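The following pair of complexes shares a single chain, subunit A, combined with subunit B in the former and subunit C in the latter.
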Partner chain A sequence: MWRYLDGPHARPFAVLAACIMLLALVDGDNGRFLSAATAYSTLQTFATISLVTLGLGLTMMIREFDLSVVGMYGMAGCIAVLTGTHYPWFGLWFALAVGLIAGIVQGFIIVRLHLASVGVTLGGLLVFIGIAFVLTESRSLPYDNLGVALLLNERVGGIFSIRGIVALVFFAGAAAIFAWTRLGRDIIAIGSDRRAAMTTGVKVDTLIIGIFAFSGLCAALSGVLLSYSLASASPAGLSDVIAPAAAGAILGGVSLGGGSGRPLGIAAGALTLAVLRSGLNAVGAPPFVNDITMGAVLLTVAVLDGPYLARRLIEARRWARRALGA
Partner chain B sequence: MQEVLSVRGVSKAYPGVTALEDVSLSLRPGEIRAICGENGAGKSTFVKILMGIVQPDSGSIDINGQTQVVRGPQQAQSMGLGLVAQELSLAPHLSILDNIWLGSAEVPFLHRRASFRVRAKQALETLGLTDWDLDRPVSSLTVGQRQLIEIARLLARDARVLILDEPTATLSDADIERILGILKGLRTQGRSIIYITHRLGEVFELCDSITVLRNGQHVATQPVSETTREGLVEMMLGRSFEDMYPKAPAHADQSVRVVVEGLDVPGTLNKFSMTAPRGRIVCIAGQIGSGANMVTRALAGLVPSATGSVTVDGRPMRLGSVPHAVARNVLFVSDDRAAEGLFPQMTVLDNLIATRLDASARMGVLSWPALRRMAASLAERVGVDRHRLKSQSIALSGGNQQKLLFGRALASADAGVLLMNEPTRGIDVGARAEIYRIMRELCDLGSTLIMTSSDLEEVVGIADIVITLYRGNVVARYEDEAIAMSSILADITHPTQAVA
Partner chain C sequence: MTCHHRFHSWLYLMPRHRRGLACAFAMMMMVMMTALPPSHAADESKGKKIAFLQTLATHPYVVATTRSFRTRAEALGMEVTFFTSMLDAALQAQQIDDAIARKFDLVVVVPTSEQGVVPALVRAKQAGVPVVIVNNTPKDGTEELYLSFVGQDQTAMGRLAGGAMLNALKDSGRVGGKVAMITGALQQGIAPRRVAGFREAARANPKVEIVAVEDARWDTATSERIAGQLYARFAASGGLDAVYGMADNQAAAAIRAAEAAGIAVSGKPKQLVVIGGNCLKEGLDAIKAGKMQATITQIPTELGVRAADVINEYFSGKKPPKEVLLPLAMVTKANVAQWEAPCTY
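And then the complex of A and B:
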């Protein structure tokens, strides 16, 4: 039992459970936190950040880092709002195609020219933000198709929205790929030991490009869905996503060293952030407490995950067991 | 009997170096062939060509009687070749099962088929590992166990020719015995093995025949039964020593400068003690994993876990702190020039004076004229072209980079203690001679040199005192005339099977 709770893949769920319990405890029997309204708003927040977290998390899993998700997130929203007033599906597909192609181009540059991903995607980030400003002429754009906005935010089954469901479907798909397909093994192998993956015959370059394409796609999709549901897009307004995305990935068990972390863990990490944000709002905490709490939780997880302290803890546990046994 | 593998006239040249020249080899089913040779003899290039990692410039490869062009590792696998590389190629985050099938062309998109599990299980059983949990992550295995997984991977893919590149270099005795036993078992199944090793004991215990490479050329192929240990060593080295190595003049002052007592590094080095006199070159000889390079690294203050007592010129030196070692004038010249030695993007000038900035500064302001003069004279002393002072150090050849590092060490005013790992690794013969000359010059100035080397010819040629190490323990100490290739080789390969 202990073994399962203690494993690296269980950690994100343990953190999530702990946060939920803590908030429930703080709320007492006011019923503000454990309510359908809070659950709905949690899932809305989750829908906003989780897909970016997934894309970024996967790049981190293969020891890369896709900074451009922030820019793509904003730019895709602007593109969709500009092109999709009458045909929302066209706006969506167009923005997704842009995200996919931008990801492929960045991945291709990184692989072919043997460049560090941070530099390349930082370039991508600035370019995307710039394009968004040019496209919108530095204004905030209204999206006149309010029907789409209402549809996307409509509650399904009490606590879900279409946006949330899309995000959950993506995570389910990614989890299935990691659990049952060769693709998942190969991606983990690339992050775990790239040279080993190469020598055993894994198509490393193709997969790296694919991951960046997926990351671009995820960022574009969540940018589009958010802009549609807010019925507006602005080139600058959506930039506050990289910190939660990286935090969510790390809470989800992804390490910058590569190889660790799984899609369901990333989902739990993103959900943890969403729970903290909505939950603290629900119990009436002032807004800045949100950031402090997020930072504190992240720091705790990072410290607990550090190899030095982990080894000490294992030694202490062994010692305690021996002392108890004796 | 038909040959399972036949390589004919393979050559490969890299810019400036001929790695392999007209090398041929053929292998029968069930044969274990040792490939022996010094570092740089061309063994790794040969393996890379077999596995399709590197394409040969000329020559052909026949597999089961058919001429093949091997374009990559996956194709080599499909033709029945399998490699266990010197560095393990396992993904620690994945399970044993996933690692066994990693990268295999056979595995379909949907991975979880029972047949793969069964075949992986069978491969492990062939190795006598019946009770291993296939879902265990590889990160929880020891190095020896991981080596077995690598072999199991080849078996699961039904490799007919297994190429093992120094599979025992980092293993314990018990693990080595186990692997040798397993390989003998594979021979009886008709699988062929190409076995690359520095450990001559294993050659005579395991192999049927030996191919010796030297400087990229094929020297001889003969049955083990017709080979003696001395004969093999002679074939590997080939030539007598050129007058490449300047001998030590009888230095007047040979007082002891460095005393090491009970130097311990957990897991690699065990109660190492030695003394090093002024003006002499002490060489610690040992294979990878013997702990030889740990001695120099520990003395340089680079190993936090090192314990023991060290005195330099009669004063105690604390271990585990580089500034402290430098303060005692104990300087380290790394074998990893790119990562630990040079500032690659900085100029030759900046690199030469990097450790002397304090001496040429007044109240923190650098005196550039003085620094330039110093750099120019240092460059001259170590034989680096003065006109290259402004070029980026990364643009220099390996030999010149190494000279640069010596120059930096020379920059110290007093004769210090110089620690060097593999001072001539990756450096061609011409530059080597010059580096040996510089080393002697340093000795003449009263420096003490403590070096490690895996190149035995170099050890015998340059060292005044040789200390042999085997798995972290000192085997013997030789001085001057007592230094001989055969005894050193015997010591560092397998001390119990020393040549009589």
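And then the complex of A and C:
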């Protein structure tokens, strides 16, 4: 049992369970945390951050990093609000197409010119933010289709919303692909040892481009859903996304060194952050407590995940014992 | 990068509102009212659960508003829970939804985004949870979504600043002049309204020309840089005659930049005129030193008290007015002493 919980794939779920138990303990019998209201609120936060986390997490799995998700998140919202007042579906598809194409272009540049993804996607980030400011003339825009805004957040089945269901469906799809096709193994192989993956016949270049395209798509989709549901778009962004996304991926068992993680783990990581944010809000903790808790949880996971550190600890203990013995 | 924009836009959470100026008598009445303790029995508010949704936890203006609200509301027997969105529009919408779900008796919102807050306000209305808006309003046309707005008329504040600028230009012996505005975040909210009011007032003198409107996002360092660039740009065509720094930190930055560029700022004939806003301590210091000619008051401690009183009125069964506009006053060298205490917080 303990060995299973200690495994790298189970850890995100263990951390999630620990956070839920901790918050339930803090709340005691006040009933503020373990309630349908908090569950709904948690899934709403999950809907806001999880898709970006999934896209970013996949790029981290192949040992790359897509910084441009922040820019795409904001720009896609602006594009959808500008083009989708009367035809929300048109705004959505248009923004998704932009996200997909931008991802493909970035992936192509990275693969063909053998460039580091951080540099390329930093360029992408600045370009997207710049375009968003130009498109909106540096103003935040209202989205006048309030019906769409209300519909996206309407409660379904007590704790879900359409926004949340879209995110859950994406995760289910990604998990299924990982479980039943060789795509998942190929992605892990690229992240572990790119050259070895290439020699075993993995289409490395195509997959890298595909993952950046998916990351762009995910960022665009969550940007559009957020903008629609807040009935507004802002070139400066409506919500902070890069810190929760990177933290969610790391909590989800993805390592910055690549070659580890899976979609369900990322879902658990994003859900952990959502539980902390909504749960701490529910028990009335001040905002900085959220940041501190998130940092503490991240640090704990990093320490648990650091084999090098663990080895050093064992060595130190052995050394101390020997010194004491002498 | 997104953080950058949002962190420097703290002031766009400051008030606004249309409609003309209250007369001096009404101003005095309101100042007196806010100074008095609540006259009617506080029993109706006793035990009422209030959620107060603030934008920031650290900015002095915001903290002063929150603190004064807490003191007054708790004295009236309300139980207040505070939430902070750190200017994250998505988080604030979430907090409003949470407050609805947790059945607070009333929700007070200082909107983070004048547009992004609207869907959540619609849900509050549908759920029958009364909302009081403080400091800055949601976008126009959403007035039926909230009970009452407590804050200031931002367009009027811009108009007063424009009027102060015309007076100061006249006092310095000019018939007209070139004016530059260094503004707060023009994306939404307060700054665009103050710009509109300022322009409106400036039209009274056709010889006054507004030659530049620069977005400095309420930031001191950005304002100083922009001011320096403006002085350099207009040096060849005879220099600027007046600068409107939308908040006093920006006006003070414009003064520092002028001094660095060797431009005299004492408001004497032919010297640069500087007008500020928000009555911060550094603004009052500049007025006393004769380097700035006027600022317009915006006092957070009154804001919190008025908001709590409006809520108490509502629980006492009275229908509070749709708009509770705090008085505006122009601070010049003549009356700077009397504003020293209220503007220091």
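Just so we're on the same page, the second predicted complex is superposed on the first by the 306 of 326 C-alpha atoms of A that agree within 3 Å, B and C clash if a C-alpha of one lies under 4 Å from a C-alpha of the other, contacts with A are read in each partner's own complex, and residues count from 1 in each chain.
Definition applied: contacts are C-beta pairs under 8 Å (C-beta built on N, C-alpha and C of every residue); 3 or more make two chains touch, one makes a residue touch a chain.
All of these numbers come straight from a predicted model, not from anything done at the bench.
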**OP:** Overlay done on subunit A, so just call it for subunit B and subunit C: clash or fit.
**Re:** fit
Subject >> Touching partner for A:Q44 - first (subunit B), second (subunit C), both, neither >> reply: second
Original post:
Does the superposition put A:V156 against subunit B (first), subunit C (second), both, or neither?
Top reply: neither
**OP:** Applying the touch criterion given at the start, work out whether A:R182 contacts subunit B, subunit C, both or neither, answering first, second, both or neither.
**Re:** first
Subject >> Centroid geometry (CA): angle subunit B/subunit A/subunit C, rounded to a multiple of 10 degrees >> reply: 130
**OP:** Using the touch definition from the top, say if A:A236 reaches subunit B (first), subunit C (second), both or neither.
**Re:** second
Original post:
Now for A:T200: first (subunit B), second (subunit C), both, or neither, which partner does it touch?
Top reply: first
**OP:** Considering only touches as defined above, state whether A:S192 meets subunit B (first), subunit C (second), both or neither.
**Re:** first
Subject >> Touched partner set for A:S260, first subunit B, second subunit C, both or neither >> reply: first
Original post:
Is A:V118 touching the first partner subunit B, the second partner subunit C, both, or neither of them?
Top reply: neither
Subject >> Comparison of subunit B and subunit C by subunit A residues contacted >> reply: C
**OP:** Report for A:I129: first if it touches subunit B alone, second if subunit C alone, otherwise both or neither.
**Re:** second
**OP:** Compute the least Cα distance separating subunit B from subunit C in the superposition and give it as a whole number of Å.
**Re:** 30
**OP:** Could you tell me which stretches of subunit A are touched by subunit B in one complex and by subunit C in the other?
**Re:** none
**OP:** Would you mind writing out the residues of subunit C in touch with subunit A in their complex?
**Re:** 1-3, 5-6, 9, 57, 81-86, 88-91, 93-95, 97-98, 101-102, 113-116, 118-119, 122-123, 139, 186-188, 215
Original post:
In the complex formed with subunit B, which residues of subunit A make contact?
Top reply: 180-186, 188-189, 191-193, 195-197, 199-202, 259-260
Subject >> In the complex with subunit C, residue positions of subunit A that touch it >> reply: 32, 35, 37-38, 40-41, 44-45, 48, 70-71, 74, 125-126, 129, 138-143, 146, 149-150, 153, 226, 229-232, 234-240, 277-278, 281-282, 284, 286-288
Subject >> Residues on subunit B engaged by subunit A in the complex (per definition of touch) >> reply: 53, 72-74, 77, 83, 85, 87-94, 98, 101-105, 107-112, 153
